[in-house]
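In the two complexes below, chain A is the common chain; its partner is chain B in one and chain C in the other.
The block that comes next holds the complex of A and B.
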C-alpha cells in the first residue's frame, strides 16, 4: 500500500520537474550591460525629452503661468484652466469634437483605399514601377503649409463633385456631425487619398509575403477570389491593418492641417491674462488623451483576438500557476511554523509532557 | 484586367490632379487667370511668378538652410537609432519589455504635450533659435519619428542570425567590432530607408521647425522652404508694398511658391525613385 503511494508520488514528481533556477553567469551579465550601453542614449533622451516634460506639463496645467520681466510667475488655479477652456472659449472643444469625428471617418477610408490600391498593384500588371511612383509621390509633398496652400486655392477638390448635395443626402440617416465630416471628406477627397502613400507601401510589402501556395491550394478546393481575399489575405495582413490604422491616426494628429495643434501653439504664446503655458498645457493634455483614446479604440477593434482554444489554455495555465503558488506558500508557512515551535521548545517556553514526573 | 488598368489610371489622374493644377496655374500671367478660355495651358511661357515667389521666399538661402535643418538631425538619427535598435535586438536585459512599451508610447504621444516644457528647457539652455534644438534630441534618440526608425532597425537586426554574431565572438570580435563589421554592413537597406524618410519628414516639418529652430523670434537666422511658404502671403505683401514685385499676390504666385517649395524633394524623388518605392519592402518592416 505504502509502496503504491510512493510510486504515485514519484510519478507526480516525474511529470512535474522542479524548475531549476539558474543563476545569471558572468557572460549574461556582461551581455546585459552591453545592452544597456547600446540603449543608454535613448534612455537618457526619453527621460529628458519625454518623461520629464510630460510630468512638467502635467504640473503646469494646474497653474496660471505668466512671464514677467522678474521671472516666471506661477499662480495656482486648480481646475481653472479646464473650466476656462470648456466654458469660456468654446472653440477648442468644438474643434476637438470635429477632430474626433473626422479621424474616425477618415482612418478607415484611408486604410481601405490603401489596401485596394495595394491589391491592384500587387497583381501581374505592366508599368508597376510607374504606378508605384505615382501613388507614393504624395509622401514627399504632404507637409502642412503645402497642403493648406493647395486646399485654399481649390486644387484639392474635383470640380465636378457637389459637396452640399452629399451632405444633405447623408444628413437624412446619419448624425449631423458625422454627415458634415463625411461631406467635408468628399470635398477634400484628393487630400485624403494623398495621405495613404506610406500605407500603400506597407500593404504592398505585406501582400508579397503571403504564401502563394495558399492561394493555389484554395483555388484547387474551388475557392473564389472573393473567398480567398476574406479567408487568406485578410487574416494574414491583419496586423498590418492595425499598424496602418495607428500610423494614420498619429499622422493626422501631428499634421499641421489639424487646427487643434495650431490652437495650442497660439494659446502658448497668447498675451492675454488667462492664457499662456498653463492653459496651453491643459489643452495639450486633453488633446493627447483624446488621441490616445482613438488609438486604443483602433487597437480594440483590430487587435489580435486570440481564439477560444488559446484563451482556455492560458486560463488553465494561470490557474495551475496560482495553485502552485498557494501550495508553495502553505509549504513555506508550515516550515516556518515548525521552526517556530522548535525554537519555542528549545527555549523552554512551554514544556511537553514527556511521560514521567509532574505535568 | 482592363478594369484594373482603367481604375489605376483614373485614380492616378485624381492623385496627380492637384500637382498638375498647381504647375499649370503657376505659369499663368494675370491675364490668363482672368481669361476663362485659358483652362490648362497658359498662353505664354510666363516665368515672372517664379521670380517673384523665389525672391520673397529667399529661395537659395532657405533651400541651403533647409538642407542643413533636415540633414544634420537625419545623420544623428541614423547613428543613434541604429545603436539603439541593435541594443534592443541583440541583447537581453532587464526591463527591455517596458522600454519597448515606452518606445511605442513615445510615438503615440502627441508632441504638443511635451512641447511647452521642452520649449522652456531650450530657452534655459539658450539654444532656442538654433539648429541644436533639432540635433540634440536626435543625438539622444528622440528625434522626429525616431521610434519608427528604432523599430525599423530593431526588426532588421533581429533577422541577422545569432549564429553569425556568435561566430564573430568566437573569432575574437568584441561587441563593437561585431556591430561595425557585421551588423552595420548588412543593414544598408534599412539605412537607406531611414535616411530617406528622416530627411523627408524633417524637411516637411513646419510646426516644430518654426517653434524650436526658428524660435518664433523676429530676427531669426534659421528657416526652411516650408516655413517660408507658410508665411508667404505676409512676406510677399511686405515686398509688394515697397514695390519690389512685378505682380500682385494672386493664386499664380502662390502656386509658384508652392511648386518651388516642393521642387527640391521632387527632384530628389525622381532621382532616387527606386530607393523610395522599394524602401519599406527592403527594410523588412513587415517581418520575415
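The block that comes next holds the complex of A and C.
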C-alpha cells in the first residue's frame, strides 16, 4: 500500500513543471541597477518630501504646536484640534462642502472639454503643433502667483456672461447649492479651460495609440464617425478617462486657487495660539480623506468594467467549477456508500437470496 | 552612449546631493563673542545683528549704515517682512529668527514668545524720559503688564485733512483747529452739496473709518480713561462708545455725505472714471486719511496745483472740548527676540531704528537729502515717512521744516503737530487678544457692512461685542502672560482675567 502511495507521489512530482533558474546576465543586471539608480531621486524625494512629512503631520495633528525662537513646544490635545475646527471654525465645513460640489461638477466638464479638444487636435488640421502649444501654454505660464494675479484682475471670467442669470435659471430645477456651484463654474469658465492642458495632452497620446485598422474596418462595414467614437475611440481610451478624472481631482484639490489650501496654509502660519502646525495638520488630514473619497467615487464611476465577453467567460468558468465540485461530491458520496455496504455485509445485516451475503 | 550615461549619472548624483543638503539652518546673532564690553556696556566683539521690518528698504538700509558707523564692530543685516506670521514662523522653524523685528500684529509675537523682556533696558534708558507722553504713561509695548516686551518703532497719527479750496468754493468758513467731533460732523454735512448743476460736492472722503477714530475720542477722560480702540481702558473694552461712532458714520454713508471709493461703479458715475481717487477730485471737503497721504501724494511737487487742491491738516477731534486728548495712530511695535544672543546691542538697534532721538537725527539726515531715492525713484520723505516719537526740540524743528512753512499753511501744521503727542495705537498693535477678537468674531459678523447698508444698528451689537472682546483679551492675557507664557502676572491679575473667561457665555 505504502509503495503505491510513494509511486503516486513520484508521478505527481514528475508532472509538476520544474522551475528553471536562469542566471541574470551581466548586461541585464547592470540595466536593472541603472534603472534603480535613475529612480533613486524619486524614491528619496518621496521619502523626504512625502512620506516623512505625511508621518509628521499625522503626529502633529494630535498636538498644539508653537514654534518659538527658542524651540518648538508640543502640547498634547488629542482630538482637540478636530473639535476646534468643527465647532469653532465655521468656514472650514462651509468651504469643504463648496469644494465637494465644485469638484464633482467641474471634473466631468474639464475632462469632456479636454477630450473634445484632443480629438480636434488629433484630426488632420493645419498648424497642429501650434494649436497643441496654445492649449498647453497656460499650464506652463499660469501657475502659482501668475495665476493669482490674473484671477485678481478678473481674467478668469467672461465679462459678457451673466452668471447670476445662469444661477437663477438653474435654481428653478436644481438644488440651490448645486445651482450656485454650476453658476460659479460659468463665472470661472476661462479658468476651467486653462485647467485642461495636461488632460488634453494625455488624451492626445491615448488617441494616437488607437489602432487605425479598427477605424478602417469599421468604415468598411459602413460605420459613421459618431459610431466609431462610441464603439472604438471611447472603449479604447476609457482607462485614460479615469486617469484624467483622477488627475483633475488632484489638481483642483491642490492648486493655489483652492480656498481650502489657502485656509490650511494660513492656519499653519497663523500666529494665534490655538492654530499653527497641529491645527493645520488636522485640517489637512480631514481634507485629504475627503479628496480620497472623491477619487474613489470617480474610480467607481469610471473604473474598468468588464465587457460582455469577459462576463460570459467568467460565468462559464464559474459553472465549470460548480460542476467539478458536484462531481467530486458525488464521487465522495459513492465511496462512502460502498464502505457502508461493505460494513453491513460484514456484519451480516443484509442477506442475499442464497443466504451467503454475496450479491 | 557611455558619455551620456556618465553625464546622466553625475546629474542624478547632483540632484540627490542638492536634495539632501537643502535643509540647513544657521543661528541668530552670529559672531565671535568673548563677552568683553566697552565703557558704554556695548560688546567690543565683532557681531552681526539681523533686523526685520515693514519700512521702506532703502531708508532702513541707510539707517543700518548709520548704526554701523556708530558701532563699527556690529554688522546689521536688514530684511523687509512680507507677511509677519508666515515669515517669522518659517524663520523660527528654520532657526534663522531675526534678533530684532518690528511687527504689525502683536498677538503673533506674544503668543509665540518672540519678544524678550526688555524692562531692564527700557527703565534704565534716559532717552525714555523724552518720549511722547502716552508711550510712557500707557506703557505702549508693555501690553498692560508691568514689563516691557516691545517699543514703538514707527508712528503715523490719524489725520483729518481739509481742502481749503472746497470750503472757499462752498462759501463755508474754515473751522477752528482745536475743533470738536460735532463741529467736524456738521462741516461734513454742510459741505455736501448737490445742486445738480455739476459734479456733486461730498463732505467726507475716507480711508480710515470714522468709528475707528471715534472709539478713543468718545468721552472726557474723567468719564472713562480710554487708551485703546473700542473704548479699551487698559482692562476692559466698552463697545458702546464705538457703536455711537459706527452708527454716526453709517448714517453719513446712507445719507449721501461720503464720497465714493476708488474702483467702484459709484465713482465712475460721479467722476466719470472708475479709477479716480476722491482725494484728487477737488470736490471733497474733509478727508479721514492716512497721514502718509500728505507726503506720499498731496505734498509731492505739483500735485495740488494739478487737481486744484489746498490741503491742510486738522487734529482728529474729540467729543468733548478737551485740548489734550489721545489720537488713534498706526504704530508698529518692535522687540528683541528671545533667541537673541546680544540683547543689549539688539535693544540699542531697536531704539535707533524707532524711538530713539539719535536714530531720529540720522533719519532726518536721510529724509532731508531729497537726492536719495528708493527703488521706485521716490525721495525717501515721500515714501511713508513716519513721525518722531521723541519730544526732542531739534528733531521736531527739522521735521517740521519738511512740511509747508509759508505763513498761510504753517499755523495749521504747527497746531496739528502740537496735537499729536498723545498717540494711542490701533488695537492690533498694542492690545493682547485684539487680533483674535477681530479675526474670529468681529470681522465675521460683518457689522460694518450691515450698518453701512442701513440694515442693522451698531448699538444692537455693542453688548455682545463687548463681552466677546473682553473674553478674547482676558484669554490672551492669561495665555501670553500667565504661567504657560511669560509668567509675569500677579495672582490677583490671573484671578481677575480668569473670572472674565469663566463668566463668558454664562
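One rule holds for everything that comes next: the second predicted complex is superposed on the first by the 251 of 359 C-alpha atoms of A that agree within 3 Å, B and C clash if a C-alpha of one lies under 4 Å from a C-alpha of the other, contacts with A are read in each partner's own complex, and residues count from 1 in each chain.
Operating definition for what follows: a residue touches a chain if its C-beta (ideal position, glycine included) is under 8 Å from a C-beta of that chain, and two chains touch if they have at least 3 such contacts.
On a predicted model such as this, the values are computed, not experimentally measured, just so you know.
By the document's definition of touching, of the two partners only chain B reaches A:193; chain C does not.
With both complexes placed on chain A, chain A has more residues touched by B than by the other of chain B and chain C. After overlaying the two complexes on the shared chain, residue contacts for A:32 are found with chain B alone; chain C is out of touch.
When the two structures are aligned on the shared chain, A:299 is found in touch with neither chain B nor chain C. In the superposed model, A:281 makes contact with chain B only, not with chain C.
Applying the stated contact rule after C-alpha superposition, one finds that A:270 touches chain C and leaves chain B untouched.
Look at A:41: by the touch rule set out above, it reaches both chain B and chain C. When the two complexes are overlaid on their common chain A, residue A:66 makes contact with chain C while staying clear of chain B. Residues 34, 37-38, 41, 44-45, 48, 268-269 of chain A lie in contact with chain B in one complex and with chain C in the other. Chain C contributes residues 5, 8-9, 12, 15-16, 19-20, 28, 83-86, 88-90, 92-93, 97, 105, 107-109, 111-114, 337-339, 435-436, 439-440, 444, 476, 479-480 to its touches with chain A in the complex.
Contact residues of chain A toward chain C in the complex are 34, 37-38, 40-41, 44-45, 48, 66-70, 72, 88, 90, 268-273, 276.
Contact residues on chain B toward chain A in their complex (touch as defined above): 1, 4-5, 7-8, 11-12, 14-19, 21-22, 25, 80, 83-84, 86-88, 90-94, 96, 99, 102-103, 106-121, 137, 139-142, 150, 175, 200, 203-207, 211, 216, 226-227, 229-230, 232, 251, 254-255, 257-258, 261-262, 265-266, 268-269, 273-274, 276-277, 279-281, 285-287.
The part of chain A that touches chain B in the complex is made up of residues 28, 31-39, 41-46, 48-50, 52-54, 56-57, 60, 117, 120-121, 123, 125, 129, 131-146, 148-150, 153, 155-156, 158, 189-190, 193-194, 198, 201-202, 204-206, 208-209, 240, 246, 250, 253-254, 256, 261-262, 264-265, 268-269, 277, 280-281, 283-285, 287-288, 291-292, 295.
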